Amino acid sequence: MAQVVTSHRGPVTGTATHKRKKRPFLLDLYSTAVGKKYVMGITGVAMMGFVLFHMIGNLKMYAGAAGLDHYAHFLQTLLYPLAPKGWVLWILRGGLISMLFLHLHAAWSLTRLNRHARPMKYQSKRDYQIANFASRTMRWTGIIVLAFLVWHLLDLTFGVVNSETGKMITHPGDEESVKAVYASIVYSFQRTPVAFFYVVANILLGIHLFHGAWSIFQSFGLNNPRFNSWTRAFATGFASIVVIGNVSFPIAVMAGIVG
Amino acid sequence: MTLTDELFAKNTVTLDSKIPEGPVADKWDNYKQNMKLVNPNNKRKFKVIVVGTGLAGASAAATLAELGYQVDAFTFHDSARRAHSIAAQGGINGAKNYKGDGDSVHRLFYDTVKGGDFRSREANVHRLAQVSIDIIDQMVAQGVPFAREYGGLLDNRSFGGAQVSRTFYARGQTGQQLLLGAYQQFSRQVGLGGISLYNRTELIDIVVIDGRASGIVVRDLVTGEISSHAAHAVVLATGGYGNAFFLSTNAMACNVTAAWRAHRKGALFANPCYTQIHPTCIPQSDDSQSKLTLMSESLRNDGRVWVPVNPNETRLARDIPEEERDYYLERLYPSFGNLAPRDVSSRAAKRLVDNGQGVGAKKNGVYLDFSEAIERLGHDVVQERYGNLFEMYERIAGENPYETPMRIYPASHYTMGGLWVDYELQTNIPGLYAAGEANFSDHGANRLGASALMQGLSDGYFVLPYTIGNGLAPLLNKPMPGIDHPEFKAAEEAARVRYNAYLAINGTKSPDYFHRELGKIIWDYCGMERTEEGLKKALELLPALYQEFKTDLRVTGDGDSLNQTLEKAGRVDDFFQLGMLMCRDALDRNESCGGHFRSEYQTDEGEALRDDVNYCHVAAWQWGGDPMTPNLNVEPLEFETVHLATRSYK
Amino acid sequence: MSNHLKNITLRIWRQAGPAAKGNFETHVVDEITDEASFLEMLDLLNDKLITEGKEAVVFDHDCREGICGTCSLMIDGQAHGPQRGTASCQLHMRQFKSNDTITIEPWRASAFPIIKDLMVDRSAFDRIIESGGYITAETGGAPDANLIPISKIVADAAMDSAACIGCGACVAACPNGAANLFTGAKIAHLSRLPQGQAERYSRVEAMVETMDEKFGSCTNHGECEAACPKEISIDVIALMNKDYRKAKFANRKDLARK
């Protein structure tokens, strides 16, 4: 599609006299790109929190099989007996799923908007000055991480591609059996292609976070020249911690440190 | 009997300046008390066309629309924000006396009349000084970020030709900020439906029916379509004609076409020879140069102007010792020094460069040196004041002004002449108004720095909205000719013929070529210094070159789509005709005054020598059917408040 | 002092009209002084084209002082070319070398339709201003200019954003064709000043919503800041985002009271 003149020639007048349709407040906010960026940011923060605590929780792996499995059991029985077993976890999961959905919907609609904003690309090579690999590949890193997430769930949550997932184990000294999470992870990462995919996906997640975590400040207008230099450091630090923590698991398994 | 009386007796047009009764300080109030008003509900029955969206046009259109008139605004730019008012750097005068240094309306009035070398109309100038105060208030209310002092009050600086600090500024971008202020107010009215905006649309003719301006004919620059627009009043706020020189500080598209087409339809063109040469521009560096860039005159506040004493100097500026430098402005004009008025400092520079003391590779400039200011104020203060100008200089000239002095030279910058208007800014054609640089009204033979912005906004905000109402009130509910009137059809047809003719010549040279050659003639013979002999020569060269233009012009492309070459051809054509009138006017004015310097008329010290007995008048030219045979009309100037005196800046 | 560049190859986008299919056309400029500006080189080329009976390359330009914002060229993949903080018209040939190949394209964005060759229609910017980029102060009623003191820091910050020349380089450089820097700059200018407070929230809502109808979205690349001839910081975008959020809440509260 070429860049096409849509406006006819002639006088321009009364351009600001039309009224916008009234919508409920949240939908109204979400109707503009600036509003959608808020949604990207809020959902991003929620998922950043998840990724960080997921990584920290998994560090229990280094405390041995019992430690990790007990941690997993603890998550399963959050707030028990106030709530039935598994409920709180599913509520949290539900929250995450809706965050993910909103994040995806906002990303999808913004991408569409942006495609529409430049239907004809530059015909010569662009010479980008500031835009970096991370900022320009958000869509791709996002999609690959999403694909990884699906695999990751099939692997370690639903056990579709992992025969060890879902098996129960009774650790020494325990009264009841718990899910053998540790064993299923070890089994999974002993498959080299799986470990490799895991490492690559996490590096891409890091790249996604490197831009995303910085971007949040800008999108939320949390901007103060005094602190602007810190936001980049925060994003870099956050992305690095998550990536180093996560990538250490398959490497530890492959290296036999965990097993 | 003086020459003025003699010429006045021969006037072919009645020039009624409509100056109100009373002492000069009361005239504007008297006018406002006596003017006719249009009832708010009736204003919407009137349509006003505003051509041009610079300071004068945008502010007039916005204010008229706010009052309730239907306004059609035309600009040949893509947006109303592009007009060349935007390039004014230094500031805008306002007689606020915020500095407590003795400024007043009267002093601004006096300075402007004196600065204009006693060739302006007292009543107009006094009104300008009066409303200068309202302009500052209005622009601040609109959010123009004028420079402030630490206490939060407005800062002022001094400017050439004044001994008080009355210039308000927004860094080196005052014109931009003021224009954006007016543009925003204008845009608000476009948004609300008060103004209908026609962009990329150029005026190519004015239609006069039964002696009254009834509308305009325009060409849509995108589609080439020629169409008519009728209105009760037409305002031309189309800027000056400085581009007649080709090399000037004007923007590339600045042109005289609107004013010239009005002139050809009967509007008188006043004082075309009053052109201002700005002393601080970057000198021409090569022959392919398309325009000259102005460096704000405010630089002269802290920069010192000098040339080497020795014409054969080869050393770098910093290696030339103090005693071998000639700080000629400080030497010649001790009380004003580097702040001497524009015409005075320009001519001083020219004389030294002509004497071989010029600097730079082409020896066509003088130094503007900041080393002393940097020493006195520190690098940071200088950067704060002039940083963006220094950067601009470095981008263009490739030299760092913090280290090497700037090279500057005068260039054509502003034109005081323009369409003759009366006190109401109405031309001699009823219903046709001219505002801003397009009219001749307020600056006389020379304009003071920081006064152009003031005049544009004064005309647009505070004068036209009143005077147009006064003119329209009697027309209420009277029939008005529509665009189906034969005069409109005839004007459209003539315009079509004109533009098709450019395409049909099919010669060998581009419009730019002719513009460049035309500019050279006008600069050489009707520039900073004029002689009878030179002007006569120009009046021989111009018609010959014009003839060549008409037979050897090449315009490629067609007339049905965007064609910048064709646009240019039309503008150059009008510049040719105007150029002849400029030279004719300069030749007829046997005196030196302000921007018009005739070498035959100078004092022993080389200063301008006025002839108040014979030339204390406005020369208003009437189109005579051919650019070489205009008819002269004069309006005698009377000075009741400021007494005629020799302008001295020593 | 001046040097001459030789043999400059220009690849220029030619497009007969809005709906026409365009393509690159190659021209060679044999010699040019490095004192010449980039646009003067195009003038030279056009003069040659006209004398050869060919149509001149159409490009927008006017003041040639970097302030009117009319010039709009994508030079070698960068809006306004390789020099930072410089509009196309202020770019000089000393930035280039002999035998260089220079590619020139128009701005590309659906909000900036091509009129012809390198000229685009940027009226969409005017629509944004018309929707709210002003302080309502009708002529005549203004109080004394010194009535409201404005701290120098605030005035300077407002001036930094007000320096925008409306050239569209931000949109051109943005990988998404977003106009957030342009819109944010005007909002930051007016909203930082005391005079702009009355309309602060209605302004940001109206302008953002108008912008949204025509342009892409900001994904915080920062290309706009790099391309801006006035080097306006993307901090203004953050300010706009913040004000937009506040506007949504502020207005909701106000409406609830009615």
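When the chains are written out, they are named A, B and C in that same order, and each has its own residue count from 1.
In this text, a residue touches a chain if its C-beta (ideal position, glycine included) is under 8 Å from a C-beta of that chain, and two chains touch if they have at least 3 such contacts.
Values in this document were obtained by computation on a predicted structure and should not be read as measured data.
Asker: What chain sits nearest the middle when you go by CA atom centres?
Answerer: Chain nearest the centroid of all protein C-alpha atoms: C.
Asker: Which chain has its C-alpha centre farthest away from the C-alpha centre of chain C?
Answerer: A
Asker: Between chain A and chain B, tell me the centre distance in angstrom, where each centre is the average of that chain's C-alpha atoms.
Answerer: Once rounded, the distance between the two centres reads 61 Å.
Asker: Indicate the whole-number Å distance between the mean C-alpha point of chain A and the mean C-alpha point of chain C.
Answerer: Chain A and chain C have C-alpha centres separated by 35 Å.
Asker: When the C-alpha atoms of chain B and chain C are each averaged to a single point, how far apart are the two points in Å?
Answerer: 27
Asker: By the touch rule stated above, which residues of chain B touch at least two different other chains?
Answerer: Only 188, 190-191, 197, 199, 222 qualify.
Asker: For chain C, what residues touch not just one other chain but two or more?
Answerer: Residues 115, 121, 123, 126, 130-132 of chain C each touch two or more of the other chains.
Asker: Where in chain A do residues touch at least two different other chains?
Answerer: Each of 12, 15-16 in chain A touches at least two other chains.
Asker: Going by the contact rule at the top, pick out the chain A residues touching chain C in the complex.
Answerer: Chain A residues touching chain C: 2-7, 12, 15-16, 20, 25, 28-29, 32-38, 110, 113-114, 116-131, 135-136, 138, 211, 214-215, 217-223, 225, 228.
Asker: Going by the contact rule at the top, pick out the chain B residues touching chain C in the complex.
Answerer: 59, 62-63, 66, 77-84, 86-87, 94, 96, 98, 134, 136-143, 145-154, 170-171, 173, 175-177, 180, 183-185, 187-188, 190-191, 197, 199, 222, 251-253, 285-286, 288-291, 293-294, 361, 391-392, 395-396, 398, 461-462, 465, 508-510, 512-513, 554-557, 561-565
Asker: Write out the stretch or stretches of chain C touching chain B in their complex.
Answerer: The contact residues of chain C facing chain B are 1-2, 16-17, 32-33, 35-37, 39-40, 43-44, 46-47, 49-51, 53-56, 58, 60-70, 83, 85-86, 90, 92, 94, 115-116, 119, 121-123, 125-126, 129-146, 148-152, 155-156, 158-159, 162-163, 165-166, 189-190, 193, 195-196.
Asker: Residue numbers of chain B touching chain A in their complex, please.
Answerer: 72, 188, 190-199, 220, 222-223, 225
Asker: Residue numbers of chain A touching chain B in their complex, please.
Answerer: 9-17
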